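Shared chain: subunit A. Partners: subunit B in the first complex, subunit C in the second.
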Partner chain A sequence: MQDTLATLISALLAAGLYATMSYGLALIYGVLKVINLANAGVLMLGAYVTWWMWDAFHVDPLLAPIVVLPLFFLFGIVLERVAIRRVIEQEPIVSLLLLFGVWLILQNVAYAIWTGDTRSIETPFVEATFKLGGIQLAWPRVYVFVAGALTLAVLQLFLTKTQFGRAIRAVSQDREAARLAGIDVERIYAVAFGIGIALSAFAGSLLSLLFPFGPDFGGALQLKSFCVVVLGGLDSFVGVAFGAILLSLAEAFGLRWMPASLQNLISFVLLVVVLIAFPKGIAGIIRSLRRV
Partner chain B sequence: MRHVAAALCAAAFALCAVAAPLRPTVADNGPDQIVVGAALPLTGDESRIGGFYKAAYELAVKEINDLGGLELRVYHRKIPVKLIIYDDKTDPATSRNLYERLAVQDHVDAFLGGYSTELVQAQTVVPQAHQIPYVNGGGAATEIYHRGFKTVFGVLSSIENLAYSECDFIEVMQAQGKLPKPLKMAVVWENTSHGKDFVAGLSARAKQKPKNYKIVLNEAFDLHGKDFAPLLQKVKATDANAFMSDAHLDDYITMQRQYRQAGLHHAYVTYGARGPEKAARDALGDSVNYIFAATWWNSQIPNAAVRAFDDKWAKAYPKIPQEWYAALPYETARTLFIAMTEAGSVDKVKVTEALRHIDIRDTIIPGGHIRFEADGQMVAPFVVTENLPGGKVVIVYPKSESTGSAVLPVPST
Partner chain C sequence: MYRLIALGVAVFGFLIFPIAAPHAEYALDVLFLMFLYGAMATSWNVLGGFSGQVSFGHAAFLGIGAYATALLAAAGWPLWATFPAGGLLAALYSLLIGPPAFRLRGPYFAIATIGIGEATRLIALNWSSLTGGASGVTLSSAPPAAVQYYVSLGLCAATVGAAAWIKRSRFGYALAAVRSDPDAAETLGVNTTIAKTQALFISAFMLGVAGGAYAMHYLYVSPDSTFGFSTSISVVIMPIIGGIGTIFGPLLGAAIFTALREQLEANPFLAKYSLDLSVFGLLLCGIVLFEPRGLLGIFDRLVRRGAARAPKDSVTQ
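After this line comes the complex of A and B, so read on.
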């Protein structure tokens, strides 16, 4: 019983991590219909900026998002204006290749600045643990979970309760209708891309509390993010959160009986099954149930 | 007149024909330079270690060239060495292609090997195909050498031997009452031939000495993993008193951090060949204390050749620490150059033959002796080290090389 509870809690904490990594990807796809292959590069840069602030200026990594979020929001806006806007109306493969190129550039910039050495943030908080009903939990994992849940709440509030959020949703549902309604679609694209990039960098900042990293950081996690986003539905944050929970539960309980080396197999089998059986993901299932 | 010219031409040809043997031919004089090539992981997951290999190869080549080159008796002169290094980006396919390029376009006389088992495994098909001598100090898995490749040689003793060395040490500690008997081992290993050798070594010893060992968990994990929490949860569910992991540097750093976060504690903790690296200490601080490792080299080995190498390295690269990633490739290059000198030429068959029979006694590796087995791999002792507080690393085994006593069982902090 204790083992099952420990596995359940571990899965929920991992779900927080997976969801946080995936919100940026889902927002950018939802609004711009662009798959952000540079997501891994942004995760990595978010981790580096957090580490650099801690290493060079002794800034507590928990405070790093104060800098990371606006910095990467601006980076996202510039990237959208300079590159994405030029290819958004073209075949999806063009934006895919463009963002893949951006990822490679970011990786090489990181190599040039920080070399390939493995970096890691070491503070008392990073190693702090506590016991809950006899189960040992790491504070950083709990922190990442809480940050993921708060991000979901803030995003939902922003999208449903603010004028700008409603405009973003309008563009994501039908860009031409939104344009006819007087919404500045190009501005929405830029801001949504900026927010998506900022969310990914925020996730990178959080991940730096959990994992050592180098310029190649993020590639394996990006695959998980794709799984989560496809499981959840490509344009729904609540769906993403459920997708993250489903994936982490499948991994955690699957690995109780399977070798750990098959962790990725579980993710991708789940991905294939969902794509075949429920191509619109959990969000699609929820929408169908509501209609019924 | 035309007849006179024809006669003069004929005479000139005849003179050339007679004079030719008196003048050394290009072949007799030997090449202008000896070309040696390698592909190293200078970017990608293994880039940090690739940097060590590049620095070590360059140091070994510089030493030779500072003396005028390699003395090859067939050509009666010294010939400088040209080193070509490419970046394989830690990608096995790229690595293999680059070795192909070194063979076909750069016409290398010999290869130096890359780093990490999976890359070495991929690249060694090229020296075999082109019959070019190849020496590496970065691939230890036995699978590399069990393919019948005749031109492939490796100065890293096998991972199975690494496991045996740790077991030898553990048995000494058990005899002293510092470790329980049997030692219940949770064995987790990277899913590569490197990891398979590690678990094969431990399993063989456990089978041979059931009173000393019991394997309570035997589980593989993916190389360059990110989240080991589910695996560590399995470890936690066992009653193991030893955590025996075989991991590469980045996985060691990630796993050890998560090991601590999971609140795990064992009487004995090892990550195979990884443990004392400065990068791990920089990344994890005191979390690396009391970790044991069996490595192919350590800068503290009490030996004059090692001290000389330490000084040489510190002078050449004051910012790069003396780790085994530096010493082994240096010795790899030196082994190739000694073989070329003994062969007396750059003839690939002769150099391969010289490598097969090489017997070097004054090396910097533990035991000091380099000699290849019939399969091309070397058998040499390992040194077992333990990380101690304050950034200290001591050699705890074998006794002849030890610089301190083991702190065992690992204290709970």
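After this line comes the complex of A and C, so read on.
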């Protein structure tokens, strides 16, 4: 019983992280209909910037998002203006390959600046734990979960209550109709891509509190974020959070029957099986969701 | 016609190279890799280029071929017999994953293949009783460098020949139809799932055999070196920068890839900053943005520009 409860709690905490690293992917796909294959690269760079600020300037990693969010928002906007814009209207595989190239370049940036060594952040907070009803919990995990939940709330408010957020939703539902309604679709593309990249970098910043990382870091997480998004449907961020909980529960309870080294297999298999069970891919899930 | 002559001269040159320069071990080694990469890139191109199904999981087939050769050679099989066995195993594996994966289209197929490739790597890593786990499998002896060179040259020639033949066959046209419009292809009577599965089967077989050559050369196979995502990345990059869907594009890509890899080992500046990633990333982005036909497309443009200018020059003279 105690065991099951502990597994459940650790799964829920992990879900906060999985959700945060998938919001950006879902937003970018929803608005631009582009799959961000560079997501892992952005996660990794977000983690590096957080680590570097702590290592070189002794900035508390909890404050790093103040720099990481605007920095990567700008980076996303520039990337959209320079490259992504040209391929939005082309076949989806073109943008996939483009972002794949971007991922390779981002990896190289990390190698060139910070070498291939594994980095980790060690502050008292990162190592702090507390007991709750006999279950040992790590503070950073709780923090990451709360950050993930807060992000969801802010995103949800932004998309439903602000003029700009509504415009983003309009473009994601029907870009032509949005254009006819007088929305500057090109501007929405750039801002949505910027927000998506900033969210992924923020997730990377959170990740750096939990795991050691290097330039190749994020490949497995990339697949997990695809899995989360496919599970939860790309239409709503609540769906993404739901997908994240589903994946982390599957992983946590799957581990009881299989060795820890196979943990990643769960998400890979889940990704492929869910994709195939919905032959029209993510769009099919969205359509079936809309009909409900 | 000139192309055929140039091709004949090149093949003849490569054929007599080990005899003409018996002590050029380094050059032989580089050429071996170039042919091996050429065969790998061409194999990927049969599926990714001809039928437009971009796979990021092709390392699975190379890995299966490499492990088959390593394990069967250890079990006492003659080396030449392990190659087709490895190819066949890889092709059979493709039958397992192809039909379900081909229910997905375009980017969804691509994403699913990343999952399939990584899942295959994890299985190889954890199935220690067969694969030796993370420590991998070591082969006892390699054939002489010249023999390896001819194996690799022959493999590359056979792969390219098969790809050229496929491209011009009825089957090749079916694949081209699948690439440009799967729905229209179905209407014209092409069973797209069967066509794609056949292309994957051939692609996997070729890559499995190439995996055998890999094992023969390095005498050591491990899950990360053969099944790793970086292997999948290389076989995608080479055909795309050379010219996706063409016959010589993958070879050109393989030559550039090999040259850059060698530069990286020789040049401490490049190695220190792992600049190969940037070079490939920038090439990939540039080609996707400006010339989807790859370097061959760029050459084609230059030649046409030259051809367009030439008559004018003759008029002014």
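The criterion applied here is as follows: the second predicted complex is superposed on the first by the 272 of 292 C-alpha atoms of A that agree within 3 Å, B and C clash if a C-alpha of one lies under 4 Å from a C-alpha of the other, contacts with A are read in each partner's own complex, and residues count from 1 in each chain.
One rule holds for everything that comes next: a residue touches a chain if its C-beta (ideal position, glycine included) is under 8 Å from a C-beta of that chain, and two chains touch if they have at least 3 such contacts.
Being a predicted model, the structure only gives us computed values, none of them experimental.
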### Query
So if we stack both complexes on subunit A, do subunit B and subunit C clash, or do they fit?
clash
### Query
In the superposed arrangement, which partner chain does A:3 touch: subunit B (first), subunit C (second), both, or neither?
first
### Message
Between subunit B and subunit C, whom does A:138 touch in the aligned arrangement: first, second, both, or neither?
### Response
first
### Task
Scan A:97 for contacts with subunit B and subunit C and give back first, second, both or neither.
second
### Message
Per the contact definition in the header, classify A:259: touching subunit B only (first), subunit C only (second), both, or neither.
### Response
both
### Message
After the superposition on A, what does A:112 contact: first (subunit B), second (subunit C), both or neither?
### Response
second
### Message
Taking the superposition on A as described, I'd like to know which of subunit B and subunit C A:72 touches: first, second, both or neither.
### Response
neither
### Query
Who does A:220 touch here: subunit B (first), subunit C (second), both, or neither?
both
### Task
Have a look at where A:86 lands relative to subunit B and subunit C in the superposition and call it first, second, both or neither.
second
### Message
Quick one: is A:14 in contact with subunit B, with subunit C, with both, or with neither? Answer first, second, both or neither.
### Response
first
### Query
Out of 9-17, 45-53, 135-143 or 153-161, where does subunit C run into subunit B after the fit?
135-143
#### Entry: Shared subunit A surface residues [contacts with subunit B and with subunit C]
108, 111, 116, 215, 220, 259, 261, 264
### Query
Which residues of subunit C touch subunit A in the complex?
52, 54, 100-101, 103-108, 110-112, 114-116, 118-119, 122-123, 125-126, 229, 233, 236, 240, 273-275, 277-278, 280-285, 288-289, 292
## Note on the structure
In their shared complex, subunit B is touched by residues of subunit A numbered 3, 6-7, 10, 14, 17, 108, 111, 115-120, 122, 126-127, 129, 136, 138, 140-141, 210-212, 214-216, 220-221, 251-252, 255-256, 259-261, 263-264
### Residue ranges of subunit B touching subunit A (in the complex, touch as defined)
42-45, 47-48, 50-51, 188, 191, 219-222, 224-231, 233-234, 237, 249-250, 253-254, 257, 260-263, 279, 282-285, 287
### Query
Residues of subunit A touching subunit C in their complex?
35, 83, 86-87, 91-94, 96-98, 100-105, 107-108, 111-112, 116, 215, 219-220, 222-223, 226-227, 259, 261-262, 264-265, 268-269, 271-272, 275-276, 279, 281-282
